[in-house]
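There are two complexes below, and they share chain A, which is joined by chain B in the first and by chain C in the second.
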Partner chain A sequence: MTESKRVDQNTLGSYRIQPNPRISVTFNRENIQYGGGDELRTHYIVEGIESQSISAVERSVVWYTEGKGEEDLGVVFFERIQLERRKDSTQTSSASLSTDHLTGALATDLPQSPLSYEGIIVKIRWCVRVRVFFRSGRDFVSEHIFFLGSVPVVRLPAKIET
Partner chain B sequence: MSTLVFQNPFSTRFVQPGAIPWLATDISLRAVLFRLYDVDNRAIICGPHGSGKSTILSHLASVAQREGLKVHCLRIRSWIDAIRVMRVFATINPKQSLVSVDSWELLGFLGWFLCQFADFRGLCVVVTVHERPWWNNWPVLLHTKADDKTFRLLVHELMTKYAGSKTIEFSGAMLRDVFQRHSGNLREGFFELYDHYERQSRIPFSRK
Partner chain C sequence: MEAEIPRLFESASRLPGELFVRLPTFFSKKRGNRRTGLPAWGSLGEGIYHTVLLMAGLTIGVLMLAGVAVPEWRINNQFIEVNGRLIGKGLARHTLRDVFGGAKYSWRPALLVQYEVEGEDVESWNTVHSSETSETRAFALHELDDWELGGQLRCWYDPDDIKTVVLKQGYSWWLWLLALLLPGALVAFGVTGLLQSLQSWGRSEERQAVQFGRIFETFTSPPPETVGFPTIPACDNLVNSPGTMLRFRLPTESPEAWSLIGAGLFSGLWNVVVILLAVNVGFDIAGGRANLWLLGLLAPFTIVGLASVALFFRQLFLITAIGPTHVEISGHPLRPGNQYQVLLSQAGSVSFRKLELFLELEEQATFRQGTDVRTERQVVWQSLIRRWNNVEPLPGTPFEAEVQLQLPSKAMHSFSTTHNTVSWRLVLRGVPERWPALVRVFPVVVFPAEIVSTHNEKPLS
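And then the complex of A and B:
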């Protein structure tokens, strides 16, 4: 299992009222490279926050475009786990979540396309996205990139490079 | 096979309204929301292209949501969207909702009708325009205008949070130059920096 590059985003970044969680995701392939039709299996851990402050966790496997234009997005796996608050203020656990530090796992078959692409104007990225919703209304997203296919990285044209 | 990721901090996903912070220090977003109540719940945010209108609208919507209001965010692309706006205006609860509408002036004369309807129902509405249209007499809540310092602060924040490479830096003089060349349009400035960043981050890789 291996951990990939991470992008964290706080949708209410200007109004932080509690610390951000640390979310780590491990993949079933050491080099985080997959082919079309392969099975993606991951395991994630949410740490650094009190578990009773969380109301829900969403986990998904998505691809998106990144660049100067508007973004496209495709979802191949999505699951929301609603956490209920107990009277003794401890967290109820769902089938794939433990209580001490929130952990979970997901598995899905990947499609044949679109392939990961690191272009200059546009890039296509695949990632496992874990979104944590707090009872305060805030949410926190953590993205963990992996690669579908093996399209070579675009190099700069020689005249631009010089 | 390569697992290189050239993450560019000036990509649309990081600089779009709502993703970047609103850095005005003279007034808080909550104060802006209260000012909206003071002016009878309907107002205009006015400013040139890329000056932060949509950004403040997005943050204002978040604050309103945290205050317990049900927020409806709409973006006008052509006058046909008047139907969508009308549907929202007609169905929401005026006491518990806020409607934010981006690019309001694209509605043309249909906007006048929607203004009258919003006034009649007593809705809470904030809209963005480049210049106040003649058919809209709602008060101006804010006049947005970007400055060189805000641009530099935002660039610094984007680079700190999202830059894949720690070796790329932009000098103050360069940022001033970019800002002035785009006449204070932050969006265009970020797009130019996107190209600079892309070029600089790929040079070491391309030489291999």
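And then the complex of A and C:
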């Protein structure tokens, strides 16, 4: 097989539907509880996917709102890693799926606000997101929740009569 | 002063750090690990949709400009003014047939004008816009009487077609509005949508948020109070008014004031319509014609108009009779766990059966429901600071009371983003003798508690 044919088949192979990767994230706090101004350090591993089918990885630290309202989103850390296509790689069949590991780490100082909040119609969540982009155009995102601050959960009824 | 009631802020039932476990639901926002669709195709579809809207807007705009705006602009800027003579007049009838075979007629005065172009006499019927026609023949005849045969008049002819002549210049603003409004809206909608599609092309929501954030940061600098405290609203307007006894006087957000403004606006607009209707009916009657439909409409419209005026003055009277409320506070912004002095002052001569001062936490969520944008508010926490029964004001002296406010030690801070808000406020609720209940709201801003290191664990790495 000539070099050019190998590249073409490899290109086709990268557009196959890939199985979902497994992404695990390890935090530097066991209870994933942080305070404003604390340093968040995490380490992530992407497994169960052919590394040559991935075009980019984005990792970010975000907060977002949940509840009745439209989602608001804030990003305190964002990094995109563009992966070069390995043109010299040989085609791998599904039977010999690569178990290459994609690993990485990120560190950022957390802001003073907004704190994690579990309200009635408004909730604020913090998470580390790892987003893997496939060469097919699709992507896979993995969210890993942590807590900023220690605001208790709000529960109704809340009326006080004294 | 009421003590903090800890049971209202219950501790989370789940262990800290435990991940949220949810049953799968079909219509909820997707969270956790997931494979997305093909965002590029989504952006492409949106791009095509907005391109179609943009092209439609441009096409309609060009057609309307060519059919309406350009001819009017030419009359005012390119037609040549000459003196002419009226040599003939009549009525022109325009017939409009509908799809059911019926016919609708309109009339306009048709005037034959003689004028001179480069030494040559030209005779031509005047050209008028379709908006100048009348649906009643009698009205067109009445207009025709104003023109005297043989009289001199000013006219404007088209240099490109000297047989086209008009007898008046000017612009129809509403035609221009129509010509620009509809295509303008389509073009604006299409361009914004296209820009959004381009901006989201191949980008994740995090990447878009980062890039948008950077763009906004170059245009706006956040107010000093929010530096270091993202999403906490600025409290400039809450600390710019010194109190007489305590440090700050809080501004009010009285719902009564908004209802007064609403009642005033409604009453004003409604009565303008009633006056226009009445003037129209009056002219009809003076001209010997009585339109029964208009007369029938005028009666209920007048009743509603008078009722709205009465409602407005009732609201105004209620607000002025009860008197203003002032609240002063010893510190601002507030911090969880801290104590503050609060001074309440209620002016006016009205006696109250009950006056209550609350500290409340309100959540507000804005969402789209179909094509509507709705906002839902919910008070999720409320603490009674003090209640006063049977308040009898002394003549010329406002009712005043100083109380202590204790903020819960683990209180959520104020939070405000585009669609979601968590806000704190002091609320005065009163039940006056013989008057409707009173509610006055005084917003406050709560910052997070002073930084206490939570770094009491051994790092894992």
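Just so we're on the same page, the second predicted complex is superposed on the first by the 130 of 162 C-alpha atoms of A that agree within 3 Å, B and C clash if a C-alpha of one lies under 4 Å from a C-alpha of the other, contacts with A are read in each partner's own complex, and residues count from 1 in each chain.
In this section, a residue touches a chain if its C-beta (ideal position, glycine included) is under 8 Å from a C-beta of that chain, and two chains touch if they have at least 3 such contacts.
Just so it is clear, the model here is predicted, and its values are computed rather than measured.
Q: Which partner chains sit in contact with A:Ile145 here, chain B, chain C, both or neither? Use first/second/both/neither.
A: Touch partners of A:Ile145: chain B and chain C.
Q: One more residue to check, A:Lys68. First (chain B), second (chain C), both or neither?
A: Both partners, chain B and chain C.
Q: Considering only the touch criterion stated at the top, classify A:Ile120 as touching first (chain B), second (chain C), both, or neither.
A: In the superposition, A:Ile120 contacts both chain B and chain C.
Q: Contacts for A:Leu156 in the overlay, against chain B (first) and chain C (second): which applies, first, second, both or neither?
A: Both chain B and chain C are touched by A:Leu156.
Q: Of chain B and chain C, which one touches more of chain A's residues?
A: For chain A, the partner with the higher number of touched residues is C.
Q: Show which residues of chain A both chain B and chain C reach, each in its own complex.
A: 31-33, 66-71, 118, 120, 137, 145, 147, 150, 152-156, 160-161
Q: Enumerate the contact residues on chain C facing chain A in the complex.
A: 2, 5, 8-13, 16-17, 19-20, 29, 31-41, 204-207, 209-210, 213, 228-232, 361, 363-368, 376, 378-384, 387, 410-413, 415, 417-422, 447-448, 451-455, 457, 459-461
Q: Quick check on the complex: what are the chain A residues that touch chain C?
A: The touching residues are 20, 23, 26-38, 41, 43, 58, 60, 62, 65-75, 78, 80, 111-115, 117-122, 124, 129, 131, 137-143, 145-147, 149-156, 158-162.
Q: Under the touch definition given earlier, write down the residues of chain B that touch chain A in their complex.
A: Residues in contact with chain A: 1-8, 11-13, 18-19, 21-22, 29, 59, 62-63, 65-66, 162, 191, 194, 198-199, 202-203, 205-207.
Q: Spell out the residues on chain A that touch chain B in their complex, using ranges where they run on.
A: 5, 7, 9, 11-15, 31-33, 64, 66-71, 118, 120, 123, 125, 137, 145, 147, 150, 152-156, 160-161
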